[in-house]
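One chain, chain A, links the two complexes that follow: it is found with chain B in the first and with chain C in the second.
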Partner chain A sequence: MADKGYLPKEKIKEFVEALGKDAAVYAPCLEGDTIIFRQYTPDKEISLDRPANTPPKGAIYPQCETLLSFEFKKDAATPQKMDVELKANTDFPKAVVFGGRPCDAKGFTVIDRVFVNTDTADPYYKKRRENTTIVTKCCNGPYAGCFCVGVGGGPASREGSDVVMTEVEGGYYLEAVTDKGKAVMSLPMIQDGSSYEAKAKQANEKATAAVRNPFPADAKISPELFDSGDFWERVVDKCLSCGACTFLCPTCYCFNITDEQAITTGERIRSWDSCMFQHFTLETSGHNPRPAKYKRFRNRVGHKFAYYPEKYDGAIACTGCGRCIRYCPVSVDISEIVGYLKDPKADPKQWAADKKDAKN
Partner chain B sequence: MSTQKLKEIIKQVLPDVETVICWQEGFDKLNVTPIFITSPEQVDQVVWNPLCAQNLAGYLPSQKKKVAVAVKGCDSRTIVQYMQEGLIDRDNVVIIGIPCKGIVSKKKVQKAIGNEPVEDVTFTDGSIKVKTPSGEKTLSLADVCPTKCTSCQFPTPIVYDQLTADAIKSDKPAESVYADVVELEGKTLEERKAYFASQFDKCIRCYACRNACPMCVCQDSCIAETRDPHWITQKNSLDEKVMFHMIHALHLAGRCVECGECERVCPMEIPVAKLKKKINKEMKDLFDYTPGVNPEDKPPMYTFNVDEAKIKEHKL
Partner chain C sequence: MTGNENPYLPELATVMKVIDETPNIKSFQVVFNDTEKMKNFKFEPGQVGQLSVFGVGESTFVINSPPTRMDYLQFSVMKAGEVTTALHGIYEGDVIGVRAPLGNCFPYQDMKGKNILFVGGGIGLAPLRTLILYMLDNRADYKDITIIYGSRTPPDLCYKDDLKEWEERSDVNLILTVDNEFPGWEKRTGFVPTVLKEEAPKSDNTIAITCGPPIMIKFVLQGLAELKFPEENIITTLEARMKCGIGLCGRCNLGHKYICKDGPVFSLKQLKELPSDE
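Presenting the complex of A and B:
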């Protein structure tokens, strides 16, 4: 098994179908003008032209997942007693995430720290993750809003991937990153790629140099500015509180659990939640710890750039994929906001001062 | 230039209002983002060009103090509808009207330039020139405008306190407004079902369409999300997605001002405005009512006439 392979462009479909022999392949599929990660079937058209609108997160961490199904049953012998029968399924098939970008693959590593590398691992995510091989396409350059380099990644980053593909003349140079990846390289349509290695490296370096880095090197977030309500109110006044940024994020993992029941049967489902929504962490008592829009927004930025790094050795829970910027209805730019927070000259007073009649 | 005039007007009205809501350059040259102006120094950041697609009037009901807002003709219908529905106090709003010859759909431009990063954008009469790493591309505004501009009836704001330029008259025939709906009506039921199923299947239930909609007034109490009552499940099945979009459309019956925000903001590029336009067309037909054109009108769903005009023709 070679670590370096080459796949001619015209063999992509054949490659994906071979990957799908014993696994469900999730690939970026073109639907109208939208590119969405879907389970590949031969009627679908794969597009690697640009990063998909959605990240492949849902392949391992579905937007909605049945944790268990339940049924209330009466026992004929003791009719006054109601039994509940529970069924849970964690028997997931093998899967391949094909054609995500390095930022997408890195996104899984962010979720892994919370869902897998812990004493209380999530059995659903963990099983899917173990069963999944990630074949990533490196970017040829940046797209609108991208800033992967600014958060320690890059358009050719290997983190989270089992195989990385770099576009070279006539096809793709493939490199196995893990043992799972080496298994992929043994597929018959993969040719020897050693002669393409230098060209691919060159392309990777060129792409990396073109990505913007919006933050000053090693700058820390100013705690004073982070605690300033004036600052947050100013930067989020245009935010519409929709969930586009969080639902398109490769790292957002907050979820909600609801019981969807009809008479005696139902399902307990886990679905993505969004800290942008007013109902986020709303407590049963009616108390909402984040009643204002700016407090919820601060949670999103804080989670990615402050709380998560504090908990996980400085790792940032943002991969700079740029989707939250690119698809924000009002062009809210998280990199700009973090840039303010990391500005060595950050002064909370500045944000209060130019606010005319701020609080009268 | 009307940008200069816009800045002058903002400077002039700023002392009388808490905030002026306008547009400024966004994270790149192709993106424009709202600016909430509270001090004269911010006025220089204001831009006005065909990228100023967002309907800023949507921010009005949440403002607590007197504000000024910049609106295009289409956006002004939102304000008219707010006035009809009593959602704003007209005395607390200064309307800066901008006569508009058409805007640009960012998505269409991105598609035309192959989704390359944008380095610069310039406008000449009737066209947009976009600079990318692989060169410059000039696109005709007519080719990259959103659907609503192709049938615009109100290039000049209907209500305003100040205008940034001379009023313009529409040169588009009135029947062009629902041309896309008529086309859809020509399809069979099965075709329409298949069309909407394929579109709504892309929905991620992020509710950008709802939150960007200036007439969606339930906001945080939207039944798509409430737990109590628990009307819609959190499942992401097609049925649930369609249900949400049907609710959105029906709540806008006779209220949708056709600003197209729902469609503009959809990250999955679903033509979400189509259902709403279809319902508006029906409302026009049934009640001879067009939302957001006359502050004195009463929305048909807000009133009841024993003898509704045309009611017999519709066998109701």
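Presenting the complex of A and C:
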């Protein structure tokens, strides 16, 4: 099987429909002004013009899914006794994530470390991940808020992808990254790509050079500034705790589990949750370890840039996709905040003074 | 886990006995419906389980019976929220779900040959109970065992049968206290941290294990520090809001550690090395 090829632009629809022959294809579809990952059907319009508003995370990790279903059963011979029958389904069809960006594909690798590479793997995520092929479109350049190179990625990064596509004259140059990806290359509309290889390389280099890195090289987070309540209160003062940042994040994976029941049947449902919500850690007693907005925000940034790296060999749980910056209703900028934390001249006293000024 | 490949899938279990411990705490003795799984079930003192009331939800409770007594698993539940209220509506013979064991255990092997000081308050005796009973079942492995236990009022004391038995044993030093004087109560009064100070147990070759309400733990830790207990010899067991119980759902973290999976048992030394939300 070839591991390189060329796909003319006019064959995109045909390619996606071929991918969908034995799999559900999730593609960035245009809905009004929004591009959103949807399960592809021929009536939908795919758009690769800019990164989608949402990451494709939900294709492998749905926003809501059933973990178990239960049914109460009663035997007339023992009327006092109610039995419970449990069912858990982890049998999922094949899927393809088409047209995500390198930051989106890398997002899955962040979740993999937590959900798959553990002794208590999540069977739902794991099975869907195994069954999914990821065909990624490299970025032509940065979009507002992007900072993938600052977190070890890039507009042509292959991490997490099975195939990467680079836009070249008249179409896309395709490279298989994995065996799953090689199988894609054998589709009939994929042509010989050898004459485009050099141009694709050039395009990827140009795109990489254009992406900003908001962090000084090798800079470490200042523990003193990280601990400073004054700093956090100041930088997240405007945050609304709406949680949009976490729901649009390709790496955020925190979830809630709730039961729903109607008469004798019910389901245990897992849904995305957000560490930005006050209820996230609120205990029944009324005690809340993170009652203040700045404590929740510090935990979110800490999780992505300090706690996760500590646990997973330096890997950062942020892919720099920029969505939380682009779509924050009050323009909180995580790259700016981490930039302050990584500034070698970071001084908590300065922030205490600033806070005082802001109040006056 | 009970051998289920799916860590979210609970084991069905029947409640054999419900015990009213206090006006708002009940204990549930449960056995798995699958007798093979019950026979092969292994856990260590301090590990927890998630109890399910199907249709209402799941919550985390410590297994407070010891691994040396495997006729049933016992969990104690204070009526506080949705799941605990539903559990208080459970009758003997009802079926619930159990996901266990979860989390780490007390370092009970390292405690061999040492004096043991338990300091508990209210339902905080539950996680201590599993270890106390384990140690009493292996009494020769441990030296002096002292238990300081208190609650608001005498009816709020948990495990009254156990307390009576421990009080009668010559190889256990049990000190009971309630916050204020109470009709018919002839033992000590005063908060647990105050009683700890008055008793002033020696820290030499002694491990202290404490569990109770956060405010009690705070002052007990101060008291133990004053008694010169080294931080690595002070053990506590934590709780937090939990959902998955397997370190995935993200809500019970202290820095990069998850209370459900890396805990719930931590030494004071370990806790001081973790970032705090303070």
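Just so it is clear, the second predicted complex is superposed on the first by the 356 of 360 C-alpha atoms of A that agree within 3 Å, B and C clash if a C-alpha of one lies under 4 Å from a C-alpha of the other, contacts with A are read in each partner's own complex, and residues count from 1 in each chain.
What we mean here is this: contacts are C-beta pairs under 8 Å (C-beta built on N, C-alpha and C of every residue); 3 or more make two chains touch, one makes a residue touch a chain.
The model shown is predicted, which means the values in this text are computed figures rather than measured ones.
K.L.:
Clash or fit: what happens to chain B and chain C when chain A is overlaid?
P.N.:
Result for chain B and chain C: fit.
K.L.:
Per the contact definition in the header, classify A:200: touching chain B only (first), chain C only (second), both, or neither.
P.N.:
So A:200 meets neither chain B nor chain C here.
K.L.:
Does chain B (first) or chain C (second) touch A:63, or do both, or does neither?
P.N.:
First partner only, chain B.
K.L.:
With both complexes overlaid on chain A, does A:299 touch chain B (first), chain C (second), both or neither?
P.N.:
Touch status of A:299: second partner only.
K.L.:
Once both structures sit on top of one another, what is the angle chain B-chain A-chain C taken between CA centres, to the nearest 10 degrees?
P.N.:
With chain A as the vertex, chain B and chain C sit 100 degrees apart.
K.L.:
Check the residue A:256 against both partner chains and state whether it touches chain B (first), chain C (second), both, or neither.
P.N.:
A:256 sits against chain B and chain C alike.
K.L.:
Have a look at where A:325 lands relative to chain B and chain C in the superposition and call it first, second, both or neither.
P.N.:
first
K.L.:
Does chain B (first) or chain C (second) touch A:269, or do both, or does neither?
P.N.:
Once the two structures are laid over each other on A, A:269 reaches chain B alone.
K.L.:
Based on the superposed arrangement, let me know which partner A:148 touches: chain B (first), chain C (second), both, or neither?
P.N.:
After superposition on chain A, A:148 lies in contact with neither partner.
K.L.:
In the superposed arrangement, which partner chain does A:337 touch: chain B (first), chain C (second), both, or neither?
P.N.:
neither
K.L.:
After the superposition, what is the least C-alpha distance between chain B and chain C in whole angstrom?
P.N.:
Minimum over all C-alpha pairs of chain B and chain C: 8 Å.
K.L.:
Does any part of chain A touch chain B in one structure and chain C in the other, and if so which residues?
P.N.:
Common to the two interfaces on chain A: residues 256, 258, 260.
K.L.:
Which stretch or stretches of chain C touch chain A in the complex?
P.N.:
1, 5-10, 12, 52, 54-58, 80-81, 84, 93-95, 97, 214, 239-241, 243-244, 246-253, 255-256, 261, 275, 277
K.L.:
For the complex, give me every residue of chain A touching chain C.
P.N.:
67-68, 70, 72, 80-84, 86, 88, 90, 114-115, 118, 120-123, 227, 253-261, 266, 268, 270, 273, 275, 280-285, 287, 289-290, 295, 299, 302-303, 306-308, 310-311
K.L.:
Where on chain B is chain A touching in the complex?
P.N.:
Touching chain A from chain B are residues 18, 26-28, 30-34, 36, 38-39, 41-42, 54, 59, 107, 110-111, 114-115, 117-118, 133, 198-199, 201-202, 204-208, 210-212, 219-220, 225-227, 230, 233-237, 261, 264-265, 267-270.
K.L.:
Using the touch rule from the top, collect the residues of chain A that touch chain B in their complex.
P.N.:
31-34, 36, 49-50, 53-54, 63-64, 141-145, 210, 234, 237-238, 240-244, 246-248, 256, 258, 260, 269, 271, 274, 277-279, 323, 325, 327, 329-333, 335-336, 354-357
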